[in-house]
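Down below is the structure, laid out as structure tokens.
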């Protein structure tokens, strides 16, 4: 297992008022993302525990794009990863934000 | 004095030798090996019918059992290398040289035998090239073929999986070769005659159905959200704007997703009747919902598919079933149709390089490519115009006068940026190149050549290579949809942004697609059982695909 | 002609949560869509990160809820306790935390003495990496479950997930007041591969999926009386089944177990020499047993009601 | 220890226990003159539908005969019988039924005591020994959830690696010590002392209402979390109504 942590400034606060959501499951090629509204509005954090070691650079790139596209200010994302591909990671992160912003459940 | 009938006389002597084991044309199963030893000579070119799907399995076992003191150095010319016995021939020293087009399950073992020098490789052909050379300089001296049934005269019914048989037999029988058929059973009256009896020399009743691989069955249960997203992109970003009606699909899960989105997503886009109506395609079970919803006008098939025969029989308006009601497939004709009559090929691959070349060959697997190289190439000789073909031609070459401009076939590669086990789809250099170096091949085994590829679709978007004006643009169009692979991360962001502004790269949001809409609930069928239901219980999937 | 596809005028997706496939849904989606909207209140939710203390030893990823969701909610207004297994995480297998959550829930049900319990099974059995803890958890769950039933509490099991209901999960299911199972659901102690490994391919070909389903699948379980309701693979169908079964779950008693003893010994006498499920179905009176696997849901329900009355008071 | 010796030591004043086809049935006389019903499995036979039905039938007979006679269940079994026939007939129901009968007997006032003297595994273990109120064992007993070779196949870890890991935790590897530590086995008896005395002492202890195996597992450092998690869920559930 490898542990990775990224913090970033987010220009905008994530919409809505839900305190937390969880999407996905931990399985081969899949992951769960727990999003919690616990940070100051201008910050976000992604905390990852992954079964696939040595993909730090890819994670960093995925997280950077995600923060740029979705600006999830105030959210902390905790990820348990079963070796998901970057497209799945990006999808789950987007689903988590969408869910906590209340667009869909 | 010149004699002009040497081949005929050789043929007669082979037939006489074989006749010792025959009553009329009929040879008992137990005498199969003896018959082959009598008829075949060392160094012969032999086609042991191994197609994409059906296999002359009894004859394969019989040939692998011949005495190699008597028979050796055979030159195998067959499209599919599929059964273990196909390679046992080389390991045992019965065969030496190989020309083929496809090997699925045996790809790893082929690579080993090639590395070990047990196989002299002629070429990894496309189907059409191999069939073509049957008629030029690779004509079989002996063809060992498979059919469903024979009558007393040796007429053959090949059943729904006719596949390669007519192409093989025509070349062999008319150029003084010997044709030996294994049949499941001998009957008084055939449903129809696929191969006339006077082209067939010997018939062996095997007593059980020949082996057929269910190669085109994709379980909708295994289709991922990302594959659905790529399918949505393809439908909205390629099928719709070009108005693609005549097409071929590969066998991957992305194209299976497209088939299953036609009655749902594409229907809601108002595309019914405007796209995907005429197909050169094996009877994919995942096409059933589209057929049942009235999307599909006509399908011509290379072969059949396990479990689909009753369904096909019940949909004669769609399939080529003929007077007897069962499917008549034909790989050679369907490949020609795919090459010349279709406006689009779309399929998946394992590796794409920066020029857009693609291959499913990896360093230790020599798969061969099946139908993709013929379908996935532009037929430069084509004359008949169609809207998608003209439009693609115009995009590639906007400045030539329209009446002199060649159209282009749409050749689309579709896939996720990372495959199984996080292996990237995009690479700087194909593994096929390494393999070519290792085996000292003149040509690297490329499946679809980059200059034939018009679009690449991934979850990141669509790259339209027709609109690229130089190599640099082309490379960056590819990098632009290569996501988080090394190739993708090596992109120049500004250049990619410019390409996006020109519509060379189109992201999901550029097409009005929200990736979060890519939900399995969009699939018209989410399980094999759903497909059975769609078919009105006519589709009978093999047991390994069932969960009921 | 260039076709411009526009989805501006798209009708909404023709899907609603209740027609979602049970088999495809995650444990959370099942709970969410089974219960009344916004009624679910989870105990020890994922934010508390009570993960397995044992998986790190094997360098395996954890899940924040350890694959078991427990809580309180309402089913058509009826207050219920609910437990749901996530079959995709470690095959839904019972580990220490996973199991202890269900134990605690059932002990509470026993002592509250009026709240029914729903268990949404989706499990391959014991989690090998914590096998002893998992095995004991199953024993503790069974004891708590039986005590709850003895206290008059309906404990209803729903089986239709990806992992089936295998190993100790099958034993827990056998202890429930009543079961609803879908075609996809499988209930069995030994899995197909285990039987093949122990007895050989001739006895059981685990790759022959038709055989697997015929032997362990929902239809067979309903037909031999191992499950009371045959549900369609939708959340709505399982909700109907759950509501119905809560009402048809008398308390456990000596008489009930005597009736079960009779029912089970009868089963051995009746079908003990049958080599295949199809033989059992035939001796139950099915005229075309080979057609049963393909029967659509309503047709099968009608046939099953004809051939085998549910045994609410004999389990 | 062999079954004959065990019975001799348990019941010096005599017993009627017989073994037929691997199944144990009978009664033993306790020191105070009362009787104890004895059932069980001997000779490491697997428990299939037939065996389970016979055992549960006997438990029901004991309950029906009235009174509060204790029940002793002696175990040297294989795992559940892994066969097509057993699963076709619904083995899960038979094993669950056996456990239900034992637990119901307990609820209706019968002490249930298990004694592991040989092997047991998987579903057979759950339906018999683990369904009793108090589980005893003799040294040399070999309870296992799953054997290491099978575990090695599934986890794709070598047996050596598994053995190494088993040194740091009792949570997965087979064996009496590990199962005692996780709380499954309450007491390991001393074979050199009279088993009758040891059984009497167990029977004389007050009956705990609550299943306390999770607490035992915590005390013995075998299951660090189960008791706390179960208790927290219990309290949250009770507080929710």
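Note that the chains take the letters A, B, C and D in the order they are written out, and that residue 1 is the start of every chain.
Just so it is clear, a contact is a pair of C-beta atoms (placed from the backbone, for glycine too) under 8 Å apart; a residue touches a chain by one contact, two chains touch by 3 or more.
Nothing here was measured: the structure is a model prediction, and the numbers come from that model.
Central chain by Cα centroid: C, whose mean Cα position is closest to the mean of all protein Cα atoms.
Two chain pairs, B-C and A-B, are compared here, and B-C has more C-beta pairs in contact (counted per touch definition above). Centroid to centroid, with C-alpha atoms defining each point, subunit B and subunit C lie 42 Å apart. Chain geometry summary: the mean Cα position of subunit A and that of subunit B are 41 Å apart. Centres computed as Cα averages put subunit A at a distance of 32 Å from subunit C. The geometric centre of subunit B is 59 Å away from that of subunit D, both derived from CA atoms. Within subunit B, not a single residue touches two or more of the remaining chains.
If each chain is drawn as a node and touching chains are joined, the picture fits none of the line, ring, star or complete shapes. Under the touch rule stated earlier, the contacting chain pairs are A-B, A-C, B-C, C-D. Those residues of subunit B lying in contact with subunit C across their complex are 221, 235-236, 240-243, 268-271, 274-275, 387, 391, 512, 519-522, 526-527, 529, 532-533, 537, 543-548. Against subunit C, in their complex, subunit D makes its touches with residues 49-50, 53, 56-57, 60, 63-64, 80, 82-97, 99-101, 103-104, 107-108, 122-123, 125-127, 130-131, 145-146, 151, 154-155, 157, 165, 168-173, 178-179, 182-184, 211, 213-214, 217, 222-227, 229-238, 240-241.
Residues of subunit A that touch subunit C in their complex: 1, 20, 22, 25-27, 30, 32, 34, 36, 49-51, 78, 80-82, 105. Residues 41, 43-44, 50, 53-54, 57-58, 70, 72, 79, 81, 96-97, 99-101, 103-105, 107-109, 111-112, 115, 126, 128-140, 142-144, 146-147, 150, 167-168, 170-175, 187-190, 194-195, 198-199, 203-204, 215-216, 220-221, 224-226, 252, 254, 257-258, 260-261, 264-265, 267-268, 271-272, 274, 276-277, 280, 315 of subunit C are the ones touching subunit D in the complex.
The part of subunit B that touches subunit A in the complex is made up of residues 224-226, 416-418, 421-422, 459, 483-484, 489, 515-516, 518.
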